[in-house]
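Next come two complexes, and both contain subunit A; in the first it sits with subunit B, in the second with subunit C.
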Partner chain A sequence: MTDYPPQNSIHPSPFAQSPPAFPREDHSIHEPAMPLETIDDTEHGFDKEKRQSLGWFFWCCVVYFALNVFVALFANHLHLTDPYLTTATNPNLPVNGGPTSANWFGTDELGRDIFSRVLYGARVSLSIGFGAITIGFLIGGTLGVYAAFRRKKIDAVLSVSMYTILAFPAIIFLLAFTAIWKPISLNKIIILLGIASIPAVYRVIRGSTLAAGSREFVMAAKVQGASDFRIIFKEILPNILPTAISFYMIGVATLIILEGALAVLGTSVPPPTPSWGNMINEGISYINSPNTGVGPWLVLFPGLAFCLLLLSINYIGDKLREHFDVTEGKL
Partner chain B sequence: MGKYLLRRLIFLVWILIAVSIICFMIIHLLPGSPSEAILGTGWTPQGAALLNKQLGLDQPLIMQYLTWLGHVLTLNFGQDYITQTSIASTLKVALPPTIELVVLSQLISLGLAIPVATFAALRPNKLFDKLANLGSFGLLSVPTYVIITLLYIPITQWLNVPNSGTASYVPMSQGLLTNLESLLIPIVALSIGSFVVYFRVFRADLISTLQEEYITMARSKGISRRRILFRHAYRPSSVALISTIGVNMAGLVTGTFIAEQVAAVPGIGSSLVGAIFQPDYQLLQAIVLVTATIVIVVNFGLDLLTGYIDPRISRD
Partner chain C sequence: MSDPQTPNNQIPEENAGMAARGSNKITFLPPDAPLLRVDNVSTTFHTPRGDVRAVSNISFEVRSNEVVGIVGESGSGKTVLSRTLMGLQPRHGVTVDGSITFAKRYVAERGDAIDGQVPENPLVGFEVARAKESDLRTVWGVEVAMVFQDPMTSLNPVQRVGNQISEGLRVRQGMSKADAKKRAIELLTQVGIPSPEERYRAYPNQLSGGMRQRVMIAIALACNPRLLLADEPTTGLDVTIQAQILNLLEDLQRRYHMSVLLVTHDLGVVATRTDRIVVMYGGRVVECGNTRDVFYGHRMPYTEALLKSTPKISNSSHSRLQTIPGRPPDILNLPPGCSFAPRCSYATEKCHQERPELEATENEGHFFACWNPLPARKTPPATRSDASEIGVDSVRD
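Take a look at the complex of A and B:
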């Protein structure tokens, strides 16, 4: 990965470098002015410094995230233990065994290696997260740009229908549809979650297209007689890209959590497919019976895998948003 | 306010109609005839004929919908042909534990988030604020189902709280204390999940409110900090918090369903998952309808509340 372009190339504004004529009200929480307590002046230089570099933790998250993607793509080339190998084929496997040198994360109730299942589980989470949000962006994003650009009737109709869907509690309807659309599979889950994400993407993209579309350079392009195609792709899209990228990342994290919830309830990708949610679902029954002597590793490692991946995605999304965030007051 | 109320009310009715149509269609979207879906494995030609007559399934679709809607509006969800009980009585048993979980976790998380966020916002970027901010950002990435599974060992084995394991649910009628003990893990897990969200939103909003000029003005007049907070800062800042409660409802419902499933609480979530696996489409339909309606109506109430707290919203 190369460095991100400096923000000035994204938001070409002649005023970007010069200080504002009037110190405007700034609601950014990263720049606390003077609440009830006094703050020493050194805090004020902090914000500018921060936006130049993304910080070492950001790159840790990027590396961890890239590692997950790598594992998800190449899990079957890594010479891992077969994640489907159970005591049914090899009775010598330890059942519910603790972490050992052979099974780093222990084994589950069928003697399957948890380490290998956690690594394979990255496939399900990442393909669902990225697949579904991509569907959401392709449909919701396109509609959002179109509605904000055309306005009038089409915008009103689309917005009312999107807000209607948005008012639905998604998980309840997702559960209902997993019950109806049997047998459930990875592709069906991606499609269902993708559809569920459309209204949220629509709202964000429509909002930022509206904001970008009312800027002076878009009006200038319109006055010069630029085609709609040109205005959308050359003027508006580059300006909503930062918002879109960070919302894309946050969407991935949200959908991974949602898929995990479906899996923990047992209605996502059917077992024995290794997925983190499925592993937690299977592990719960063992955690719950305290006298079996089963340790916490059945749910600990898939849970940890969830947390670390989500943390890295959330942090990347949050940092990118912060990095690209040029509030009007700063222009 | 009147116009705002009317507009929100129209939207509410419209959404509820949309929800009812989708719930009605659940049975008809299934492969096979509705009688096959309702009777499941107990399907016989005679039973199907009887059912078609009873439920009016031989009528046109729109008539079926209106009849069904009429029944549902009078809370008559009909007979469950799989468990041979009335669906309304199933719901009556399943709703109280779910509502208890939701209400208690919301009270706890809000009761903690408001003072903690205030404390952090009064000294932004100081040690406590930084730690709380960092901790809440980290916890934001921990889904409720991970929190709840990780809570089991500490609470049941290290702290040794009696009756707190799974499958130990005690209804409230058998003593409030044992009931709360049996729900301890789900309540703690749900409270943590909501607390993190509320803390972050309220802290951010309070910091920006405290930078407003009228706060400086009030401060320079010598008004006490307590009075500034309660009279001038909390009201504008609570708008974002209340809208967040509405947004958080979706996550809360998910978390509650999972907590019920994990802790074997016989609530709505457990019934829904049971209905999915049975499959019992009548029960599924009723639960989806009731839960969605409750969530939507609560959101409507929160909307009105924000309109009341900040009149600018309702005047718009």
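Take a look at the complex of A and C:
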């Protein structure tokens, strides 16, 4: 780039040095040239770096969440009862049986082991939650940062279209597309939920990019000659990361619920696949029928699995945001 | 408005705006051209309530190695002016009229030397007011740098301060990571930060306000700018730290042979640290000239009022601080006459009706805009520690 004189050297001034109108008082005479006052004015204590503890409940949530991820990844290595094993292949299986030592969570109307199905269900829920929100962040997040950074026309066009989509209920959109795009599969559900999450992600990311982009340090970086690319990746993105992480976790939770809703309506992943929503959907028809007289385990355990996973994800997301939140107030 | 300054060598008219948007025509400036030439600059904000002219017809110059102070109350347009000078005004909703010419060091690019003729240490005029952002980026940081008002918000809270300093070095000067780190630590030492190796790894929230402003100055100095624009660099700091920061700026100005444009509301700050002062009121220059002329022989009643309202250490205790009655003008509806007239004790009917233009005094480069100026006084010859004589305690430690 530019060719400069060596550091600390006097610029070869091209100007004819016109003497100042009158000599300025020369403070440097009675002050040492180097080093200047090296007064330690760190009032805030440089070494006293303190981080607030996250609390035991946070770690409980992390452990539970990690357990879910572990189960989702390695369910087929855990020597569980085959979740697809029905009375059709083994007539001796108990139908709608209560919890026993062999079937911890009981069995369903086809004699399948609910415990094993709940564990396999984590796989569906987590892959949908994380897969879909990742699609949402890749598209919606990129658009949001771009719109907030460019402003003007592109921002106006994108924002209006995103808010229009946001005004339309996602569940209707999903029901329509699951009805059209047959046969429905796990990948298709992930793509559809990902698309459905784009406007919400766009809105959050655009908002926080706008807020971060108008802070003074971005202008300071700009007058240092930083390129747009640098400003986005070094100045803005690290500052919206807490919001993004938190919204990512909340998004995972929301999309898992949305998938559950779709499954209960019977339009999610096709039935033999163990998904918590599917299990609840199938269980509902048996929970209240007087002639079978079955217990609540058909819906209780998948419901509980839903509940605890969402609680842990939401809590982790919230705590992380609190923990990494670098606000001006804290500085 | 006529150009209040009388430069030795005017920039030829056709050369004035040569780096204008879209044109890459290079014209060399005379060797004694001023570093920054602000000519009749106005900044207008287009708001729903009407056009607001925050800065009107400002002209002044900054020569090399010169410290120029811009003084004015809150709302006098100082910050708008400094942002305009940096080319930081947004492109939409704001109009910048006039020309801001920066004498840029000439760097040969894509064989653009004129007829193969390149004078020694050449300068080219760079028109800030109409430059594209990509062109401004060639000037920002390396030619002109800025120190912001609030050191609490002008550092990126999630990056280590060392990275923030060395980033400019690596990007703009193509230094290696190790070299940039070495230079950044050197800069931290120069701005008076103790144990710079440790502080290199610190986050901004681990530093106090004074330390952060020092870091900001180190960042601004990283690429050896020739003009440093300091927009109220000490406003957010307490008085002892203010003095340290100002002494630091002065020392660095001498060492780096920079020009400094010091924007402030505090006359004590500019009293002994500037060569020239521009006094602004209501977005206009009301008086400008050499520091001594402005302090000793001010003609504009506003300058007098500002000087009188500065607290002095020689005042007896519990004496009442003089204030300027009234409030700064509403720039949405400026009065037709002199904008200071409503608050001025010398105001006559003419002051309310007609706006005074800048007129020259017998002192070279000293101008004022007033219908009823204070009587001319002869500026006494320079002595040591004038500041107490003229009745202003400069910020000293």
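Going forward, the second predicted complex is superposed on the first by the 271 of 331 C-alpha atoms of A that agree within 3 Å, B and C clash if a C-alpha of one lies under 4 Å from a C-alpha of the other, contacts with A are read in each partner's own complex, and residues count from 1 in each chain.
Simple rule for what comes next: a residue touches a chain if its C-beta (ideal position, glycine included) is under 8 Å from a C-beta of that chain, and two chains touch if they have at least 3 such contacts.
Only a predicted model underlies this, so the values are computations on that prediction, with no experimental measurement involved.
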| item | value |
| --- | --- |
| Partner chain in contact with A:238 - subunit B first, subunit C second, else both or neither | second |
| Touched partner set for A:280, first subunit B, second subunit C, both or neither | first |
| Which superposed partner A:222 touches (first subunit B, second subunit C, both, neither) | second |
| Contacts of A:150 with subunit B and subunit C, given as first, second, both or neither | neither |
| Subunit B versus subunit C as contact partner of A:230, first or second or both or neither | second |
| Contact residues common to both interfaces of subunit A (with subunit B and with subunit C) | 25, 27-28, 33-37, 39, 43 |
| Sites on subunit B touched by subunit A in the complex | 11, 14-15, 18-19, 22, 26, 29-30, 121-126, 137-138, 140-146, 149-150, 152-153, 156-157, 165-167, 203-204, 207-208, 210-212, 215-216, 219, 225, 228, 249-250, 253-254, 257-258, 261-262, 264, 269, 272-273, 275-277, 279, 281, 284, 287-288, 291-292, 295-296, 299 |
| Sites on subunit A touched by subunit B in the complex | 25-29, 32-37, 39, 43, 163-164, 167-173, 175-176, 178-180, 253, 257-258, 260-261, 264-267, 277, 280, 283-284, 287-288, 290, 296, 299-300, 303, 306-307, 310-311, 314-315, 318 |
| Subunit A-facing residues of subunit C, complex | 8, 31-33, 35, 63-67, 86, 88, 92, 105, 107, 120-123, 137-142, 145-146, 148, 150, 152-159, 167-168, 171-174, 183, 186, 189-194, 198-199, 202, 204-208, 210-211, 216, 219-220, 222-224, 226, 241, 244, 247-248, 250-251, 254-257, 272-276, 290-293, 364-365, 382, 384-386 |
| List of subunit A residues in touch with subunit C within their complex | 1-5, 7-8, 10-18, 20-25, 27-28, 31, 33-44, 46, 49, 152, 215-217, 219-227, 230, 234-235, 238-239, 241, 326, 328, 330-331 |
